Amino acid sequence: MNVLPYIWLIPLFPLAGFLVVGTLWTMGVLRGAWVHRVAVTASALAFVVSALAVWDFSGGVERYESLASSAPGRYAVTVGGEEEASRFSVTVAEWVPAGGTVLRGWDPGHRRWSDLRVGWKFSLDALTAVMLLVVTFVGTLIHVYSIGYMAGDPGYGRFFAYLNLFMAMMLTLVLGGNLLVMFVGWEGVGLCSYLLIGFFYDQPFDRESGLTCADAGRKAFITNRVGDFGFLLGALLLVVTFGTLDFDALSAAINGASGYWYAAPLLTGIGVLLFVGATGKSAQVPLYVWLPDAMAGPTPVSALIHAATMVTAGVYMLSRMSALYWHAPGAMFVVAVVGALTALFAATMGVAQYDIKKVLAYSTVSQLGYMFLGAGVGAFVAAVFHLVTHAFFKACLFLGSGSVIARCGHTNDMRLYGGLKKWMPVTYWTFLVSTLAIAGLAPLSGFMSKDEILAQSLFSTRGHWLLWLVGTLGAVLTSFYMFRAVWMTFHGRNRSPEWVREQLRESPRVMTGVLVVLALGAATLGLIGVPHGVSRLVGLGDVNWFAHVLHPVVAARGVVSAAHGGHGHGAGEGVLREGFRVHPTYGQEWGLFLLALGVFATGLGLAWWAYGNDMARARALAPRFAYVRRLLHRKWFVDELYGKLVLKPFYAIARGMDVFDRWVVDGAVNFAAAASELTGQVVKLFQDGIVRHYALWLLGGAVAVLWMMMR
Amino acid sequence: MQVDPGSVLVLSAILFAIGVFGVISRRGAVVLLMGVELMLNAGNLALVAAARVTPAGGELGAMDGQVLAFLVLAIAAAEAAVGLALVIALFRHKGSVDVDLARMLRW
Amino acid sequence: MISLATLFPLAIALPQAAFWGLALVAVVAALGVVLHRNPVVEALLLVVVLLAVAGIYALLHAWFLAVLQVIVYAGAIVVLITFVIMLLNLGPEARGGPGPLTVVLGGLLALALALLVGRAAAGLGPRVADAAWNPQFGKVAAMGKALFGAWFWPFEIVSLALIAAMVGAVVIAKRRLEE
Amino acid sequence: MDAVLLIATVVKVTAIVLAMVSLVPILTWVERRGSGIIQLRLGPNRVGPFGLFQPLADGIKFFFKEDIVPPFVHRPTYVLAPGISLFAAILALAVLPLASAIEVAGRTIPAAIVDVDAGVLLLLAASGLGVYGILVAGWSSNNKYSLMGGLRSSSQMISYELGLSLAVISVLVLCGTLRPVEIVEKQAAGLWNVVFLPVGFLVMLIAGFAETNRLPFDLPEAESELVGGYHTEYSSMKFSMFFMAEYVNMIVSASLLVTLFLGGYSVPAFIRGPLGLEGNLLAAAELASFALKVGFFLWFFVWVRWTLPRFRFDQLMGIGWKVLVPLGFLNIVWAAFLVAVLGVTP
């Protein structure tokens, strides 16, 4: 079955769903069940076609070579190998046909790069395939879940329209074969995120600050703009440097460019700028502030956009540009440091939140930090693997919290929960499985991915023991705040108001079914990517299928290479090296494994100790740690800091601009208008309505012209 | 023996000037129209005279001037029809054909 | 009547002289059109101008145009003008009108125009001898070939303009039903 | 242009003018005697045999009557108007060929005063000028009956001129020429145009009545409504000039009809063939043929005048615009069909 040439159709299914639902629902034609029938079908079709395409792709792309050679401008095929990734690309249409344009390059002698042809290029390789399956699968599940969650909402059709649009944009992002198409998706998901955060635009979101949901959406959007500015600068710098935005061509150019004078500093600059974009989209320090507020959106949105898919776009982008980062160690170092700091910093804030969704939000920020830590130390495979596992368990957690919120009178406050295990067993068990996974219990998926990242941060050539230490501390906190949430929500005495308690029951099947599927994924998905270090402990060989598939995409070419996963060949003598700096011994592996379990157990124990007995000890300790609690609960006062350092000066400048605009710019405009009017007032005197005078002027003009001609 | 086209052009200029003067110095709409007709005639005269000046080319010689004059003639007929209709409309509204009365639309 | 008729062959014999005669008639009549105050007299004088111009056309070998000038201008347009004058029963125009400044300025400018154009026209280059002219020049057949040949589209467009003017004239001048 | 031609032209002009001046009195006699016959009475029969000298007596009376110019008229135009009418009427005759050619001093010269290629157009132009006489007369009389009569008359003439022109155009289409002599020659060689264009002939006949302001289209001078129409204020010689103009117009109309549709001056073939007439004798025969046909139509004019009642003014305009103009257009299309599709040449 030849599906690959039609991969560009995948984003079009949800786009069509968006158009149909968006227009027909607004016109009042589409009502009731037909809304989600259309929307879910659109999403499911995207999943089916994606699955078929990936299946087709896994069968090898060799058979498309003749197709590619028959239409070279349209199709491109790269047949991969051990170190070369297979890739299939289709360019649907020209977009920026700037071929033959002259660009001034950085090269000595200003060599000009002059073939900037950007088309609507969609390509599929292993990395895309992974993302494609995650996005469409989780996305479809969350569509299904939303049928139950959003039932009865007045904006039902609007919600599904946005959700479909988001799917289309996310798929465009993932499938984009060059940075510009990717950027379309990048901005598109930003837009959808804004629309969906502000979905309940007229409702208050944060009673402390009096912000509405619309404000939260705006905050997310503006914060993202800051990051996008860096992203755009990076992209433009890429164009100027390499004259192309195509990922294939970029990889080739970068791999070939390591010897040039500009390589290291310039690539580092580009890498940092692109990473600024990633910090915005993926909520990293210092631009993470929008994600906790993004919880203003409906919970399925939080699960889909702000946990599973969109926020991981930064990680995806970094992996996509891995060639660039391999050649820019400075940039990678920045990524690793920011990732590690975010992982710890967000975890501390998650500890002191009472809003269940905020706990999960900080958890997400923290987990994204781990992904960037992985990417920063060169463990791109592990980072992407964590992305996948995180998509499952975090989606499951969010949806579980949504299930709880929907039953508990739409409050997010964990102080009003408690003992829900009795009423909501399915929600409880799925939530617990996902918590165990994120906290890092041995065979579950979270352990496989997170601890691989930590291990690589310790042993990689790009790693450092300080990074590992910070990450491990974060992991302890992760375990703690997640079990804290479990105890506060599901165990102990129920603290809900009477009217809520009376109607407590399990969520409908359409929601719990999704939870079960996701929990199963969270539990078992780790087995497709068991790190070599772990499989060695139980006497197995290299069973890391995931790394096997993905490694060629993110491997560093032109860099002296070790094998995927770090083990294998010894490091060479090149300037840039991939792989492990130190090859861990068998004992070290065991030590790490046990340490990971210890970390898990520590968090669990602390949570049990503090919150186990119906939060008794936590209540007792609270006054003694009031200051710390306040600090953490108010998120280290970062929002206040931003308010003082960024917003206030910004407002001052804006006010100055306002005055300038009002007096100088408007003044100029008004002057022009007044001058025109004055001229008109004077000139109109000539138009006195007496035809004779017009004729006289005409005659005078004619005589003057004749006189000038004949002089 | 033939007429000197230069002298015809001079006559044309004089007639045109007279027409212009008529348009400028009179108030009656009908007289104004007649002044315009005089000017058109002067123009036609110049065209026909010019047809005599241009070198004879082709089978028919240079008839372009005469053809143009023909077209001007047709347009003059159209102009007179519309102009007179306007005069009648003006008369109906104002009870007079004084063009100075038709100045409601000035600035 | 008889002596008038003899002028015709004389004109053919002495074209330049005939031209000066016709030109004199035209200028005097045109001045009358402009200066006389009685609209009917003005219209009649305009007819005289038009006939004189038609005569000059004939002298310039524009036979077809000369006839058309009489049919269209004298026979239709000025009849229409006269008709309107009578329909509206226009008497002699009231004294007053444009101020002396306008009249003097207009007169001077018109004079300047005539002088400038006349000066340019007086120095006209050599003209083609009679013998060099195609005998068909200005005849009906030649005009027909030109109009339906090279000038076909302008001709058709002018006919459209005429129809448009006809409809427009009806619309503008017709009395509304309630009046 | 040589002397012979010059003199011949002068002679021709003189002859035509004199012929008209002398024909009109005869026509008035015909009209009055004819009306007598139709109305079962005698008509003028006292002066001369059968009253033949009656027009002469009338002429003398006109000459010696007081030439009254009312004090309220606009004098210059009042005086000019009858002259315009008569002049325009006679001018139209200038292009009509009375015979194929005449010989003078061994040279063949055309029988018409001017034989130009746009002759038919010239004729239309001349007849178009006739309106001015009526318009000016009506206006200059400064009398409401005159003015109304003038307006009616001029609008009638303008309207029917359209039908007339359309009928003429159909003939031009059929014959492919504007030169009257050629039109006649083509008919002489083949069939008369009336055979091919009966509708055109009819249109032209009706329009001819209207153009000459005769019954049933004599609205401009409808006695019961407008006293005497545009010539209410005219008397003496001036009145007689209008009178003459009307009769000349009749002659012109009849001549045009004969020239365009009924073979003009053409003579039966045996006159040229077996009889072998040529030169001025042939011209005389042709003139006779022409005169015969024209005479018939003149009688026809008189006949109709005393037979049909008068139309109402709105009926008159209705016939002109709603019947004759569409018929005229159809007739042109028919002529074009004949020429282009059937390939007919007369």
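Letters A, B, C and D mark the chains as written, and numbering starts fresh at 1 in each.
The definition used in the following text is that contacts are C-beta pairs under 8 Å (C-beta built on N, C-alpha and C of every residue); 3 or more make two chains touch, one makes a residue touch a chain.
These numbers were taken from a predicted model, which means no experiment stands behind them.
Engineer: Would you identify the chain whose C-alpha centroid lies closest to the centroid of all protein C-alpha atoms displayed?
Structural biologist: Centre-most chain by C-alpha means: B.
Engineer: More C-beta contacts across C-D or across B-C?
Structural biologist: If we tally the contacting C-beta pairs, B-C comes out ahead.
Engineer: Which whole number of Å gives the spacing of the CA centres of chain B and chain D?
Structural biologist: That pair's centroid distance is 33 Å.
Engineer: Can you compute the centre-to-centre distance for chain C and chain D, using the mean CA position of each chain? Integer Å is fine.
Structural biologist: 27
Engineer: Please work out the Cα centroid separation of chain A and chain D, and write it as a whole number of Å.
Structural biologist: 101
Engineer: Indicate the whole-number Å distance between the mean C-alpha point of chain B and the mean C-alpha point of chain C.
Structural biologist: Inter-chain centre distance comes to 7 Å.
Engineer: Could you list which residues of chain C touch at least two other chains?
Structural biologist: Residues 13, 64, 68, 76, 85, 87, 98, 102, 106, 109-110, 113, 116-117.
Engineer: Which positions in chain A touch two or more other chains at once?
Structural biologist: Residues 692, 695-696, 699 of chain A touch two or more partner chains.
Engineer: Let me make sure I understand the interfaces: which chain pairs count as touching?
Structural biologist: After working through each pair, the chains in contact turn out to be A-B, A-C, B-C, C-D.
Engineer: Per the contact definition, I'd like the list of chain B residues that touch chain A in the complex.
Structural biologist: 20, 23-25, 27, 32, 99-100, 102-107
Engineer: Of all residues in chain B, which touch chain C in the complex?
Structural biologist: 1-22, 24-28, 30-31, 33-35, 37-38, 41, 44-45, 48-49, 51-53, 55-56, 59-61, 63-64, 66-67, 69-71, 73-82, 84-89, 91-92, 97, 100
Engineer: Help me check something: in the complex, which residues belonging to chain C touch chain B?
Structural biologist: Touching chain B: residues 13-16, 19-20, 23, 26-27, 30-31, 33-34, 39, 42-43, 46, 49-50, 53, 56-57, 59-62, 64-65, 68-69, 72-73, 76-78, 80-81, 84-85, 87-88, 90, 93-94, 97-98, 102-103, 106-107, 109-111, 113-114, 116-118, 121-125, 127-128, 130, 132-134, 136-138, 142-143, 145-147, 151, 154-155, 158-159, 161-162, 164-166, 168-173, 175 of chain C.
Engineer: Report the residues of chain C in contact with chain A in the complex, numbered from low to high.
Structural biologist: For chain C paired with chain A, touching residues are 98, 102, 105-106, 109-110, 112-113, 116-117, 119-120.
Engineer: Show which residues of chain C lie in contact with chain D when the two form their complex.
Structural biologist: 1-2, 5-6, 8-10, 12-13, 38, 40-41, 44, 47, 63-64, 67-68, 70-71, 74-76, 79, 82-83, 85-87, 89, 139-141
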